[in-house]
């Protein structure tokens, strides 16, 4: 097994039910759900590093630059970045220009992991495998598909990624 | 996206709660949970073919021979086989001797998908990506790891696969 | 078993995850979750009548008047009204003034039934029993407690009802 | 709110998934699920006392005698006993002969609370209300119905209680 580093940035995957505001939001404590997904799947070899807890609509190049730097400093050759779906494509193209020389895989979810019926585990499970098997480059892994950074595009109407 | 064919054979992934016998068992109608996992994850491009609904302790070479034949006849270059964990390693080694020339990925779960908290989605999501990215050969994808048929081994004490 | 009529008016109990708006909202089809709760609990004797699918902040006396009329026309002596928690107390006091001569029990939830971890079943199960056992009057049944219309009061800070 | 004492004796309500034996069983630590149900429903006023963690097929008069004694010593006038469904009727009739002078309500579940889709919350929520509203006597509260000890009878074919 090749060790993978998983950077979490927030997005729907990390959100929970907020009964006070009756909506879906980041938990007060700001803890990512990714360690829970890994534990539920008995996946213990890969490191998780929580970077942010932000909605992908709040993602800016300043945040992207931090992601870039942290990927550069990671010892692992394969990296997963969890990210909201709305601007995942923009971040992928930003990271593709960073010249990282690593396998970087973005993934996310349309339904929070905390709601029990979710695409979060499926997508994260795929991204972790992609980070071990794809050649260096930047990719999105969503809905059982692999997309290169340039072709990554959310289908807003269907809530998924397709070509 | 490379199309993958998913053969289901049963195993824990497919089981449900049986209130009459108060246990975990295959549903009366014998329907696999795999199409539900794919729908929940909005993964529509890959074909599912239900072969059996058996516990992997019931898996014999007669069944394995059928799996072999069906993989041989599939148009896809990448194939996923869902399987119980107890004899997944034996089936992997049997299929490795079939000389299929395809990428065959076995996967399964320790907890049924129908129980909501499960490793089924994570493992299946990983296997579908592995079937698109690994070179021809037979592999197991479990717990975020990729194992060649020869090294695949269930850690019965921990309920997972590790090297 | 005394037959109870259950009128649904919406509220959090009925809401589902809305991935397009990334929030908790009524389903497009506007179907109440109450029949699902009853089926899950194998409770088949009581009739369900869906009146509205509204947030309790939208509840007005015009709506309350309709509830009143429908309760008056019901054949059953015991009635449950599912309702959002924010204005449940106001509706209880409105119904108390209607002089219905029946046992009317309001109930609701702080977390949607569709999120799997919810107080909806517990509260509805209690309300259905209360409607069979309490003398005529208007009550709220929430969090394992029984409250007369006049004393019903949501503790907004704790998200529950207490005295 | 009248305080109710809840005695837990095990039964399906308390069981969890056991991946080693691939079945539904009591957790190793032997902890009841009832406190979790109450917390999920924000029901904090009633006391829980865990007596046993047994399948109701193992219930004997020796156990029933202990239940009797503990009910007798409780300060509360209303008592709930969680119990497996298979012999709930026998225990109800045993307790009815104890001359306790209290309101004793038995309840249980056909599907474990830990499986997320369950009748446990609904039944427990009803039992807690029944213990506050019914006159002294022994009852079963299941599936939205109230049954006196003498008429309590499980319909094994349908997995519910009806008259």
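Per-chain residue numbering starts at 1, and chain names A, B, C and D are given in the order in which the chains are listed.
Please note the rule applied: a residue touches a chain if its C-beta (ideal position, glycine included) is under 8 Å from a C-beta of that chain, and two chains touch if they have at least 3 such contacts.
This is a predicted model, so every value here is computed, not measured.
S.K.: For A-B, which listed pair, A-C, C-D or B-D, repeats its interface with over half of the contact pairs the same?
M.R.: Duplicate interface of A-B: C-D.
S.K.: Report back the single chain whose CA centre is most distant from the CA centre of chain D.
M.R.: A
S.K.: What is the distance in Å between the mean C-alpha positions of chain C and chain D?
M.R.: About 25 Å separates the centre of chain C from that of chain D.
S.K.: Using mean CA coordinates as chain centres, what's the gap between chain A and chain C in Å?
M.R.: 39
S.K.: Centroid from C-alpha atoms only, then distance chain B to chain C, rounded to Å. What do you get?
M.R.: So the centre of chain B lies 44 Å away from the centre of chain C.
S.K.: Among the residues of chain C, pick out those that touch two or more other chains and give their numbers.
M.R.: 110, 116-117, 159
S.K.: Draw the chains as dots and join the ones that touch; what shape do you get: line, ring, star, complete or other?
M.R.: Chain contacts: single closed ring, each chain with exactly two partners.
S.K.: Going by the contact rule at the top, pick out the chain D residues touching chain B in the complex.
M.R.: Those in contact with chain B are residues 12, 15, 17, 19-20, 22-24, 110-112, 115-117, 159.
S.K.: Which residues of chain C touch chain D once you look at their complex with the stated criterion?
M.R.: Checking each residue of chain C against chain D gives 1, 4, 37-38, 40-46, 110, 116-119, 121-130, 132-134, 141, 143-147, 158-160, 162-163.
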